[in-house]
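Next up: some structures, all given as structure tokens.
In the two complexes that follow, chain A is the common piece, with chain B as its partner first and chain C second.
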Partner chain A sequence: MSTAGTTVTPHITPLQAVWHRPAARKLLLLAAVTAAVAPFAAARWGSGAWPHALTVDLTGPLGRANDWIIDNRDSHWLFLYFFGHISNAIVVSVRAVYVVLLALGWAGVTAGAALLSWRLAGVRAGVTALASFAVCGLLGMWVPTMRTLALMIVAVAASVAVGALLGLAAGLSDRTFRALRPVLDTMQALPAFAYLLPVVLVFGIGVAPAVLATVVYAAPPMARLTALGLRGTDKGVLEAVDSLGATARQRLLTARLPLARRELLLGVNQSIMMALSMAVIASVIGADGLGDRVYQALSTVDVGTALTAGIPIVLLAIVLDRSVGRRSAGRNGWAQSHPPGRTRTVTTWVVSIAAVVAAGRLAGTSWPSTWTLQIAAPVNRAKDWMVDHLYSGIPGIGGTADAAAHYTAWVLDPLRSGLQALPWWGALALVAALAWLIGTWRTALTATLSLAAIGVLGRWEPAMDTLSQVLAAVVVTLLLGVLVAVAAARSDRVERLLRPVLDVFQTMPQFVYLIPVVALFGVGRAPAAAAAIVYALPAVVRIVGQGLRQVDPAAMESARSLGATGGQQLRQVQFPLARPQLLLAVNQAVVLVLSVVIIGGLVGGGALGYEVVFGLAQGDLATGLMAGTAIACLGLMLDRVTQPVKAKEAN
Partner chain B sequence: MNATAAPGDSTGDIREARTTASPATGPAVDEKPVFSVRNLWKVFGPKAERVPGGPLADLPPDALRERTGCTVAVRDVSFDVRPGECFVVMGLSGSGKSTLVRCLTRLIEPTAGTIAIDGEDVGGMDKGALRDLRRHRAAMVFQHFGLLPHRTVLDNVAYGLEIQGVGKAERRAKAGEMVAKVGLAGMEGRRPGQLSGGQQQRVGLARALAADPEVLLFDEPFSALDPLIRRDMQEEVVRLHRDEGRTMVFITHDLSEALRVGDRIALMRGGRVVQCGTPEEIVGSPADDYVRDFVRDVPREQVLTVRRAMRPAHDAGEAATGPALSPATTVADAIEAVARTGCSARVVDAGRCLGVVDSTSLLGVVAGLESTPSKSTPPNSTPSMGGFEEKTAA
Partner chain C sequence: MKRKALIALPATALLAAVATGCGAADMTKQASPYANAAGAKTVTLSVQSWVGARADAAVAQYLLEHELGYRVDTVQVDEVPAWDALSQGRVDAILEDWGHPDQEKRYVRDKRTITDGGDLGVTGHIGWWVPKYFADAHPDVLDWRNLNKYAAQLKSSESGGKGQLLDGSPSYVTNDKALVKNLKLDYQVVFAGSEAAQITQIKQFAKEKKPFLTYWYEPQWLFNEVPMVEVKLPEYTDACAAKGAKDPSTIDCAYPTTPLKKYLNADFAKKGGKAARFLKDFHWTKADQNEVAQMIAEDKLAPEEAAKRWVERHPDTWKKWVG
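Let's look at the complex of A and B:
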């Protein structure tokens, strides 16, 4: 600061020039702080991984808490009168829905789903639903599909209700909104695995905690979108409604809620997709159904069975996504939808429900066993063939297993050793610098504290392992994503080809991405990274592509009129103007990659994800909980480091 | 400020539409006012209530914002709106006119001052009374329409009645009537998104009319419309005003619109009313240089009347010959009459000759040379204005 203060001469020294750049000023300040603190910290605690002296061992207290809960689960009033009731209510409702689904029979459910999709989203959605359910039956997965569906229906109903209530509160009150928003934002950035352990600690293993974890995971998007929808109501319309003398209730019911319809439907859609993704992962804590089949199969590397259960998951995701929300909330929804007469609608519904029930009763409860197709064995044969022919020895390329090994040896391992060798104070300073450069001092502080919390919990080494996998995968994702997005932005044909693919890929739950990579690369850290890349790629392509295409056509036209080449346009106009989207893409890539890298613990990814699975499998909740907390901290840190400054919003 | 930009699209026949409006001669001055506004202030910002009346009020806007974070939108405004008249508040953007009209029904809470509707204090109304006022007595038409996009035209028009709790059949019948009245018959089933801007504003107008309010408030209703459509809508309003004689408060930034629809015009600048008077007074006797600059491009012969051009008759012969004109005749019409006959014309009111206009005096008006006319009263001393204390804006 003294440099800027003392030299008043008009001549600007290089130091002053540096000082006038905010980014440089931040870095200088941080460097000064680090230079002052680091030698002391290094001398006191050493310069390797997080010093042992600064950790707090929570294994003892957590273990005792776990024991206490297990001992008192059947006697303490908290469980008897509160958690017990919640748990029972969930189990009873899931069972009730399951029984209804079974009673409807395969024909009833299929016809019902097709009818519902048709009414909600048109003929194509109806046909998709019909075909999808038929395939689920054909694969012999009817019963697990129904179990997952029953769990989903209860979880989605609960998350939509909870989310809508929270969103209503946040939409109507500024204070609630300000309090809730950072919480919701953070919850959406955390990997699904972080939610599992707290519920297991309280509720044990079973359907109830699975549903609860799903609700906790799926409610935030609904709450967020409800609040945003309510707050985004056209001020002019609200003023007009006020000028007519509407009461607060009339205002909400006749103006704000109907005007937020788009956001509400989108919220339901997102809730459903999140719920499906979590309901599948929750098989780790006792949710049965399709996820459980995949989980069991993957643990024995039985790719055929995993695929047999994975296909219905994907189909379910596509049907749910196409039927609810996204399409029916089209931009011109108001202009197109002409509400038909109410009496006619009611009659139609009564008739169709009766038809569905009748069909179900006639056709029988479960999918006829003679109509199934066993694909597990052929798939496994194909996989064996792949192991023999593709894994290695292809001239020139090597093979998939070779590639995985190379990726592990040349990218993952050095990165991991580098991160683990990084002095702990250096890592803290690095994170602070990155977060501060992109965001504000608040985000930097949160990020640094989160990283420190991981160290305090004693999970420094595995966290660095996970971080190395995340970084390696994010770099690949961004490179590929930007390449594809640029191609799509420059050619309409590529874009048209890409769009349906992206649509499907974005709807699939994280879990199913593990199946093909295990088939292709075996188990280990490389396949986990591959799954993460495939999972995060569509979002990155979509965000970057949107950013590039949204660039002001006038700016592009003026660049062309000045004779800029394609590359110049890209570098000098499109990328700079799409900067917000590029930053968002980085943020999303990091968040999405982390969520899959953690799940990769199921297929040999090791590190934090494995510790959670291990804790659950061994009943060692203390280890699992600490790893889960470290995952949450890592997610928070990564999200904050990549979080760009948000433009001040009007409300 | 660029006053030359103020007169709007058409300067062709500004008075033409107005002269036929019945209250052009003005309702009786001693009638009880519909709206009576006294010393109204609206200050935006933290602790706004300390600004009005205090030493802070005299600070220039920038200094005030720097010192207190407050902005004065409406500054010590007083006026009366008489029954049956169309009272226009006009000013450029940022002059506080839209804030002023929102204060009338407390869509924006005034900071200081009183507003009375039919002698009843609006500021003191509780929630229920205020809702009643908005539901039944004052309806507003907005610049950006404020229609509900998910409802049909008919349901939008019926919306005000729905809020009042009117039954479905009744409100739909009434709304149908209103839709026909604003010329949208046959479009009842459409949604706002399928209508043009002008049609949407007709829906907004019908919605305001459906409640059968005592006063209609217009907040720059036609600013977002194309010039031609705007013209249509202005004529629609003039027609409505003529047919129903409803009291109107009309906000606009367009001088030609103000002259076309207004019986009286209050010209605002920086939150103050700088002049309040009939169009003829505004154009003929601008209160200060700002107003003069503002009305410079108005074709005077179409706004000013022969009252301003006439001189006493030189002799009895002159007072008995030539075409007879009413005192409300515009100078433009008088020029035509004089040019056609080739001699001077008489201004006759109720059989009595008030004076004579000839080509010299008429041309003097057009050129802006006329001496202070006999009836010219500086607006800040007009008794009906409710004791304005105008300061000439710096």
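Let's look at the complex of A and C:
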């Protein structure tokens, strides 16, 4: 922008002035292309929804693939010698971990977890672990918790291993990095619900596909952070190591990996969080454990029981998060705390392990059934009360049912008809323009091609329906999120109150939100939107809040000294300076909202989400996979349209 | 430490793969990793999402655990994936099947990985229902020919100007889209997406005494709480069924009445001992099932507690199964 200012000469025509602004240049170019191509395209294929002539019907081949897999699943060599072994290895590992956990017994596991957290992350983490496992037992969820824990341990180990290997490859080779990055980007924007079906088809239901789906979801952050860490190594250090005559291998092991420790630990932490958020989604394909309890409870509209099983998931997440990830933020990492007195450390470990095992043996395998606390009934009463008093008949505003009807009729319906009435070439041009404005021609191309792919698959109309739901929910989320974040940034007390709430809401499985929102908003697109907003809000609040807090104190101080009011400071200093965070918040909101709008297929959200649910329920690969691919494309498109940070790096 | 772990993990995985599998690894022989842990004999039951099926499973589980000394795991999956799981031995039994001719042909007759476990004793019926308060006020709504008259009253924000026909989970057997089209009804099928969502919506309508038209089925405990009356559709005939089997989009008659069946994994049926015999003999009535289902869904009892109460009240019924 500044270059545009310096090159302006007195004798410049308005057109030239416009031409000097990069954004305007891009738009003009795009407008020219559209003007040249659109009339032809419109004349040839019409101007409504995506033309039928340009679609490819994959129902036949996919249906045949479906039948082939089912018919050959127990005889073909591919399944016997490849998938079979993968599945077997997973089942054996999960079983091994589960048996160990059972053998340790409730006291052993609780004590062991507390001890481990204490050693890894300090006293507070240890106490948190102790309390969390005790609560899991108190809620009567001991056995499901152990199953989920066993599954998570295996899934996280596999994700970290796969992610680290990929990250290593990408960190060391530029070519691999370039090839891998778009794949990782895509994976991160992809709702997990979309790819359950192919995994189920190959592996059947059960633990094996659940672990695999989790790994697919949780490995990308590890890979990305590993690669980032390795590539971020200080050039000076590398040169120093080189000058000492280190081999490539030595260089990696002594300089690059240790220097990337922070990113590696953060990667492990991210993988754990992603894996746990899959715990409930994976229950749709028979993963058992806590997720299954949540899922079963929701099928009887039993929010209390769903919450009873949801709390341990949140607790597991908190324990794992506190004991693995938080250390990375501190000064000294794990590796540094090892050296002094190795023998003494080993002795301590041996003694404590012995103590843990002894405690476990003495206390018995399962949590004593008399020590449990039933919270389901009171929670359900509270929910019923809320529904009774909010659903309708609030004087003046009506009730949640009316709000839902208005939201659907006044926001969603016009938006949907608008999007569906948009000529297809117009939609493509619009997406290209948006993506190009904040990104590069590359992101614009990806976004446009993704949208076109949806059309080619013949999922244009439902995709526009889903898109309208996402857009509306994102706008609401951002409005609320910025409001809350501003409040939090201005008052430390609000911030302190908010932090644990955000922590909990962010780790709560998405499914738990679904049923109360149906009770409040009826069946349809409105409850899906409500769930999506609740789910995406914490991330937005957190990112925007961070952005506002990071604003240079000097800038704030000078604004204050110039006599700016609070509102002026906010508008003219904080928001402009926090622009990168605000954009990141938009991006996150879009990705998170999309993932819940898809699950909204379970509460009448319709569109692509319903088709995925249908595909899973009926074992119909054609419907499910095409909808899943369309969702992936939609996610990719939305991600590219809202992702400015990468563009700067690429430039 | 880290680097060793990095190299060691995949290496161990590879080693494990090689060690376990110079031979074939048949996925159909891989049970749940949680089965038979800590020396317990385990039976895994598939529980479908509707409450009737949960009642079957709860009582079967209670008796298997307390009378026969098994440990029972339940897994909830949709109907068609449950058939796959049953054929692969991931679950041992489905206790309530509403008729899946394709799967039955594939697994029971062709592959023989699943065997027929006999009738459950309950007869299932699918249809369209309206609440009793609405039917009392407008008795002629009970004939499908008059449905169009009420379309305007049954509109919702999701039905796009037409009347709303509320459907439930996409996993359930339904011809409703074809029926609406072929009977020329001014209705839009709105899928609630899951039965839980559908029940919540029905209860909400009932509380407000609003009219609604819904896909529903019996036996179902919800009838005890929200009395509903069935709308008569064109009569079910063999000719119509044959036509529908060829092309599902041409169906224009009511749903059949289905005797619900049990299915067992073939290996389990042979080697499952007492548990397999018990599941084959399991046979009860609509009233029994509803009694348990209502305790679970309405009184919010834990399934185990509901089963326990039923078992205490009806020893004559179940004594025959465990004998």
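The working rule: the second predicted complex is superposed on the first by the 549 of 651 C-alpha atoms of A that agree within 3 Å, B and C clash if a C-alpha of one lies under 4 Å from a C-alpha of the other, contacts with A are read in each partner's own complex, and residues count from 1 in each chain.
The rule we apply is simple: a contact is a pair of C-beta atoms (placed from the backbone, for glycine too) under 8 Å apart; a residue touches a chain by one contact, two chains touch by 3 or more.
All of these numbers come straight from a predicted model, not from anything done at the bench.
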| item | value |
| --- | --- |
| Three-chain arrangement built on chain A, chain B and chain C clash or fit | fit |
| Partner chain in contact with A:G126 - chain B first, chain C second, else both or neither | neither |
| Which superposed partner A:L244 touches (first chain B, second chain C, both, neither) | first |
| First (chain B), second (chain C), both or neither touched by A:P221 | neither |
| Touched partner set for A:Q618, first chain B, second chain C, both or neither | second |
| First, second, both or neither for A:R261, with chain B first and chain C second | both |
| First (chain B), second (chain C), both or neither touched by A:G112 | neither |
| Superposed model, chain A: greater residue contact from chain B or chain C | C |
| Which superposed partner A:G137 touches (first chain B, second chain C, both, neither) | neither |
| Touching partner for A:G481 - first (chain B), second (chain C), both, neither | neither |
| Gap in Å between nearest CA atoms once chain C and chain B share a frame through chain A | 14 |
| Residues of chain A at both interfaces, chain B in one complex, chain C in the other | 261, 334-335, 338 |
| Chain A contact footprint on chain B (complex, rising order) | 105, 107, 130-136, 139-140, 142-150, 159-160, 162-164, 189, 191-194, 204, 207, 211, 217 |
| Residues on chain A engaged by chain C in the complex (per definition of touch) | 70, 73-74, 77, 79-81, 83-89, 91-95, 98-99, 102-103, 147, 150, 157-158, 160-161, 164-165, 168, 200, 203-208, 253, 257, 261, 264, 283-286, 288, 292, 295-296, 298-302, 304, 334-335, 338, 365, 376-377, 380, 387, 391-392, 401, 404-405, 408-409, 413, 514-515, 518-519, 522-527, 600-606, 609-610, 613-614, 616-619 |
| Contact set on chain C toward chain A in their complex | 1-3, 6, 9-10, 13, 16-17, 20-21, 24-28, 30-34, 37-38, 47, 49-51, 54, 73-82, 84-85, 88, 90, 106, 113, 156-158, 166, 169-171, 190-201, 204, 207-208, 296-297, 300 |
| Chain B partner contacts - residues on chain A that touch it in the complex | 234, 236-237, 239-247, 250, 254-255, 258-259, 261, 332, 334-335, 338 |
